[in-house]
């Protein structure tokens, strides 16, 4: 059985690879390469897979899961510039894919290993990512 | 191929374990332990996995699936108090996890065994559950 | 210019009029008359109408508006039984209409009279109420 | 890691099997058997599963994925009558199941075989289909 | 105080004016001029404005409002071809504007004149109409 | 009768008033005062009020309205830093209120004066603005 907590955060980012020249960054990243950044409302679903505890009826207390997501994700990324403010992206392009990867790793370190973990991240209502560590 | 029918129901519930004392119920269930109950609009997705019937183009007629969900879930739980009105929860804490488990079992008994079955249940727009019987 | 803050709360309620006999309560309120209560996820939009302050660019700081809604509405009604726990409904049937009316009055008393006030309340995804005090 | 692009299209269709007589078509397809057609706003999620390219941070450029979906699905089906205008359904009942199957096959032919492919198609807010080619 | 009931229906239509030649129909209506029709999931909000009845706490019983919308709108338009099946559009182009106008008139005839009436109709998630009879 | 077109754009911004010192900017704008910017997915509804043209059944062709919103709003603000890239905010704090005001003025200049104009702008799923020029 899997349980899910949905949270949101708002951040600025810019997509570019310093190993590319300007023309290649423009060709690959288009409008997302704006040097002055743009931003998104990100929506995150965190899915935890485990057994129901018969004493509580919970797989995991979703308030505890919400606290972990708040500490690890919202405090790190909400109202931040992912490129400038977040060391996780000092050497990593903050695409939705890499943001989902970083979030999964940060949450994996804080959630008991008896649980499997999946995340789904929406960057816009049209673009989203799923990652389960595989 | 999987097909899905979405239905909703509205119910009251209270989370507590009679084996716990008041302090422990309060510590674990917090606001959900209100002795006078609170409630939710539950949203249920029922997913059935099978082959397309070449004569109809259907995996299963979604009107028939809707009728099964209505009879088994909506007639049992809609506009009810899960703790007081529903024998399924006489000895089972009506957490979202246990509600999903009970729904899966009730639907499993009525849907042809040639189909696999999954349910996703939202208790709020932030909390949801997935169960496939495993 | 109007600004809006959206908040949610979850509550149990029962619709009945003690001046009616059982048959009339059943005829008028149907499933909502269940003596053991049922419940909803309520969604509330609070709209405040005023001038933009040129120093801040705000009509009203939405964090302050959110705090007012949290204190007046969420602390009063969230995870409560509207009939049993909330004195506002001791002598008032907790229909969506009356809940919206009570919320408007509670917020009106806390929001500066220089602002006009409107609320929209969803009881389900299909039923909602609008009230502006007129 | 899976990435998703969401697109929409609007189409008319009629469900009937020419091998059935009128009574059987009516019994099986009900209102969907209207000889003058009815229609839907279809919402399509296209999920592509692959590795992150370390140079771009992308699994696949979602603009490219959007272009493929636009060419293969929107240009073929948007503002069309699936029964009359679309050769894919000349001999195939345009149920949501068969539309998802046809879309998956059309996209599979255009998306590099190093990627796995899944589609989710909503015919209404209550009915949807998932297909991954298995 | 206004109360709202949300309902949906699915229909096919074609936009064209028989007084225009083909080139002008194509220029004005574009893809919507497909002679074989296309279709939509329409979402309708019906808003009724009145006083709260102190005996029931209702402005209007939303089950009764739902029944009126079902009889007047869903039975007339759901799973229909608006051009071919619906006499309301025999001489009226079934644009979203005209559909909203026709719905408002049909509902106005069935809802007590003591109530004001407004409708909001979504043709797609991006296009919608508001009409209040003025 | 009013018709509405919904469009989206994604932008970075920072809230601060250069006439305030750092402490006051922090007190008033909180997390939104991050000097490195953050961002949002903005959703815009543009409502135009007018008469139905009996020849077309349209109040206004929503494709034309969409083109105007694309040229005036999306080309100006999408994937931009509102503070740095957009002269409209060189001396105006880019709060949601001021963004809505600027959008209304830009659209008002391009939409025929025979139509009334309203905009609704969502900065997040919880915060939104309505402006009609009054």
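For clarity, chains are labelled A, B, C, D, E and F in written order, and residue numbers in each chain start from 1.
Here is the rule we use: a residue touches a chain if its C-beta (ideal position, glycine included) is under 8 Å from a C-beta of that chain, and two chains touch if they have at least 3 such contacts.
These numbers were taken from a predicted model, which means no experiment stands behind them.
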item: Number of hops, chain D to chain F, where each hop joins two touching chains; value: 2
item: Listed pair (A-F, A-B or C-E) duplicating the D-E contact set, over half by residue number; value: A-F
item: Interface with more contacting C-beta pairs, comparing B-D to A-F; value: A-F
item: Inter-centroid spacing, chain C versus chain A (mean Cα positions, whole Å); value: 34
item: Length of the line joining the C-alpha centres of chain A and chain E, rounded to whole Å; value: 41
item: Whole-Å gap between the CA centroids of chain E and chain F; value: 29
item: Chain centre separation (chain B, chain E; CA means) in Å; value: 34
item: Shared-contact residues (touching 2 or more other chains) in chain A; value: 125
item: Chain-to-chain touches, reported pairwise for every pair that qualifies; value: A-B, A-D, A-F, B-C, B-D, C-E, C-F, D-E, E-F
item: Touch list for chain A against partner chain D, complex; value: 15, 17, 19-20, 28-30, 92-98, 100-101, 125-131
item: Sites on chain F touched by chain E in the complex; value: 1-7, 47, 52, 55-59, 61-63, 66
item: Residue numbers on chain D that touch chain E, as the complex places them; value: 8, 10-13, 31-32, 34, 36-41, 78-81, 84-85, 124-125
